[in-house]
Amino acid sequence: MILILSQSALESTTEEVMDWLEALGGRCVRLNGDDIEGRAALRFEVADGEASLGFAAGGFELPLAEVGAVWFRRWLYERRHERVDLLEPTAGNHTLHHELRRHLSLESRRLSDFIYSRFDHLPWLSHPRRSSLNKLDVLQRAARAGLATPATLVTTEREALRRFCAERGTVITKPIGEVDAFVEGEVSHFLFTTALGLAEIDSLPERFAPSLFQEMVDKVYELRVFYLAGEFHAMAIFSQNDEQTRVDFRQYNRQRPNRNVPYRLAPELAARLRALMDDLGLETGSIDLMVARDGREVFLEINPVGQFGMVSRPCNYQLERKVAELLLRKEDDGKRP
Amino acid sequence: MEKDPEGLFARLSPEGQELSPVIYRHLHPRVTRATVLRMAESRPYRATGYVCGSFRKPISRCLGPDEPR
Amino acid sequence: MIPEAGGGGEPVFALFACCIPVKGARRSTLCDVQRGSFQFIPNGLYEILTEHAGKTAAEIKAAYDHEYDEEIDEYLEFLLRHEFGFWCDDPAKFPPLDLTWEAPERITNAILDVDARSDHDYARILAELDDLGCKALEVRCFHGCALAELRAILEAARYGRLRSIDLLVGDGPELTPEALADLAARHGRISSVVVHSAPEARRLPPSRTGVVVEYRTERIDSPSCCGKVHPGYFVVELETFAEGQRHNTCLNRKISVDARGEIRNCPSMARSFGNLRETSLHSALAHRDFAALWSINKDQIDICKDCEFRYLCTDCRAYLKDERDLYSKPSKCAYDPYTAEWRSPAERPAPAGIPKGAPE
C-alpha cells in the first residue's frame, strides 16, 4: 500500500499516479494536508504502552498500518488559518492577529512533522526533510560538481551591484527562495525574474534588504529536466522568441505557447547532474538550466518536489507511470530483509 | 522596464520598503485567469478539487458540419 | 534570418518534435500537436522534411541539384515564420517524439443512450464505469428530456471518477438556457450540452468555466446519426495523434450501453456482449472479442491509409462504405485523398469553426 501525501485540490498529477498504481496492481491511500485541518477525523492515542495513529474519512478508517512506502507530493500550500481573520473585527490589533497566526502555523507544522515521522521506517520518495533546498548552497555544490553556473551576488550594497553589473553585463534579480505571488483579490503580484537596467540600479538606495542578482545568461533555449531514480527526462523550452517569456518562461503566453520539445542530455552533463543530485541526497527533482548562445549549459536551480506534468505531457514521457512503478519497486525493496 | 508606478512596492510603508528585496520593486501584477477551472469532488481520490476538463476527442459524432462541435 | 553557426559547421534545419508531417496521396499535413493546428504542405516539402532531415540548407539544395533553390528558401522561411522549426547546431540533442500511447484506464470513454422507454439503473452504471476507470462519458438522450432525468444521471456521477460528461439531449420545455446553465454550474463535470431537435439553432456564450450550451435543429433520434466525419471533428493533439498510430481512435477503450441496455463497443455496432439486466460492464469487457476492433487503425483501412488527415480524424467502424469489408473507409466520410476534394458542396465544411489550416 502506497501512502500519498498530497493536498485535496488541483492535484491531477497525483490522481494520474494513483490511476497507474491501481492499473499496475498496487494499492494506495491518500492523506491530504487539509485532513489535519478538520477534513478528516484525526486520532492519535498513546496509552498503556501502545500508540496508534488514525484518520477516518468518508466513513472509513484509512488503513495506515498497511503502508509500505510513502510519496510526498505536496501537503498544504497554505494553511486555512493563514487565509482567514482569526479575530473579530473589534477584538484586537494586527500584532495580536499575527501572534495567533504564528502559533497556529507552528502547531500545524509540529503535527505535520509528527505524522511524517510515523512512517520514517519506510522508503519515501521526496521526504520533506530533503525538500527545503537552499538555492545558494545548491549553486555552490553545482559549481563543485563541474556545472557552469551564472555569476551570482547576494548583497545589500548598491555599489557592489554596480561593480557586478560592470563586470557581468546585464543583471537579473530573483528571489533567494522560490518564485511566489502575493494574492490580492483578483490580482496576483508575481515575483518573476526581472532584468535590471543601469537606470533602475541607479535609482536604488545605497543600501537595501539582502537581494539576489545574477548575470543574465544569453540563452538560446532553456531546459527543464525531471530526474527520477537515476534517469533524466529533459525538455527544451524555446522562450527566446516571445518577449513575454524571454526573461522568465513562467510568464506563460497562453495564446502562443513556447515550443516545448524532448531533449537528450549530453552524457557529460548527465554525469555532473547525477553527481549533484547524489551530493544533495535527492532521488528526484526538477532541474532548470539554460543553454547559452556560446553552447554552455548553465545550471540554475533544482526544485525537489516539483511539477513534472509540464515535462511529461508535451514530451509524452509517461512520467506518471514511471513514478508509480518506482513507488511499487520501493515498496518491494522495503519488504526485503 | 516593468516597474509599475502603481505597483505594490509604492504601497509599502517606508519600513516595508526598507525591508523588501530589490525584486519587490518589479512585481508583475496579473489578473487571475478569466476562465475558472471546473472542479468536482471525487471520493475515490479523496479530492475536493478534482480538476475536470473536456475529453481530448469527440466520443460520438452525431452532429453535422454546419455548426461544428 | 541568418542562422548562427554553433560549435561545428553550419546549423541544420530541424522541425520541432511536436510538428509532425503526415503524408497523403495528393498533399501532406504538418500537424502541430502542441498548438493544436495543422497546415497543408506539398508532398515535395514532406520529402525534404523526412528524407533530408538533419541537413543544412545548402545540403538540401544540393540534393536537388540546385533546381529548387528558391522554393526551398520559401519553404524554410514558411516553416520558420510559423515556428515549425529552427536552426539547430546539435540535432542529436533533439530526438523525435515518442508516439507510444498508454493509459491506465481499462475504459477511457463511454456512451450511454437513453430514450423514452429506457429503464437504466444509473447508480449501477456509473459505479461500474468507475470500476473500469472511465474518465469521460457522453449521454445521448434521443427523446425530449426531462431535467429530472439529467439530474439523476449527474447525481449518480457526483462523487465518482469521471472528469467529463457531455450531454446530447432532445429539446424539452424545461431545457431553457437558464436551467442548463444552472445544471452546468452545479455539476463541474459537464463539458458541453447540446440540445438537438430545437426549433432554432443557438449557441450561448461560454460560461465562466468554459462550458458551451448549444441548441441545434438537427434531429438526433437514434444511434444511426453517429459516425459523421468532417473537419469540425478533427483533433490535433498529441495524445490522440499517438493513440491513432496503433489504435482505433473511436472504439479504443470505449464501452457503451444502448437505450435497451445492450452492451456494445458503441451503440451503432451490431454485436451485443450482453444486456445490463444479466451482464455487468466488467464481464462484457472481459469477453475475448470485446476489444477485437480496438487495434484497427487508419493505416489498415483502405483509402484512409493514404489520407493526410488520418491521425486527426476519428474513425468509424460501424457505418462502412462496404458493409462486408471491415477495412473499408467510413461511409459518412466525403473526402477523397486521391483528388484532395470533398464529395459535394453540401459536405464541404463551413468556414467558421474549422481548426486553423483546414481546407477552404
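Letters are used for the chains, namely A, B and C, taken in the order the chains are written, and counting of residues starts over at 1 for each.
The criterion applied here is as follows: a contact is a pair of C-beta atoms (placed from the backbone, for glycine too) under 8 Å apart; a residue touches a chain by one contact, two chains touch by 3 or more.
Note that this is a predicted model, so its numbers are computed, not measured.
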Category of the chain touch graph - line, ring, star, complete, other: complete
Chain closest to the assembly centre - both centres taken as Cα means: B
Which of B-C and A-C has more C-beta pairs touching across its chains: B-C
Centre-to-centre distance between chain B and chain A (centres being mean Cα positions), rounded to whole Å: 18
Between chain C and chain B, distance of the C-alpha-averaged centres to the nearest whole Å: 27
Where chain A and chain C are represented by their mean Cα positions, the distance between them in whole Å: 35
For chain A, residues that touch 2 or more chains besides their own: none
Multi-partner residues of chain C (at least 2 other chains): none
Touching two or more other chains - residue numbers and ranges from chain B: 37, 39, 42-43, 45, 50-51
Residues of chain B touching chain A in the complex: 1-3, 7-8, 18-32, 37, 39, 42-43, 45-51
Complex contacts: residues of chain C adjacent to chain A: 4, 6-7, 16-18, 34-35, 83, 86, 89, 92-100, 102, 104-106, 133, 238, 242
Parts of chain C lying in touch with chain B, wherever the complex brings them together: 108-111, 130, 135-138, 140, 158-161, 163-164, 166, 168, 187-192, 194, 196, 201, 203, 206, 208-211, 214, 216, 218, 220, 225-233, 235, 237, 239-240, 249, 254, 266, 314, 316, 347, 349-350, 352-354
Chain C-facing residues of chain B, complex: 34-45, 50-69
Touching residues (chain side chain A, partner chain C) in the complex: 16, 19-20, 22-24, 236, 238, 241, 256-257, 259-266, 293, 295, 313-318, 321
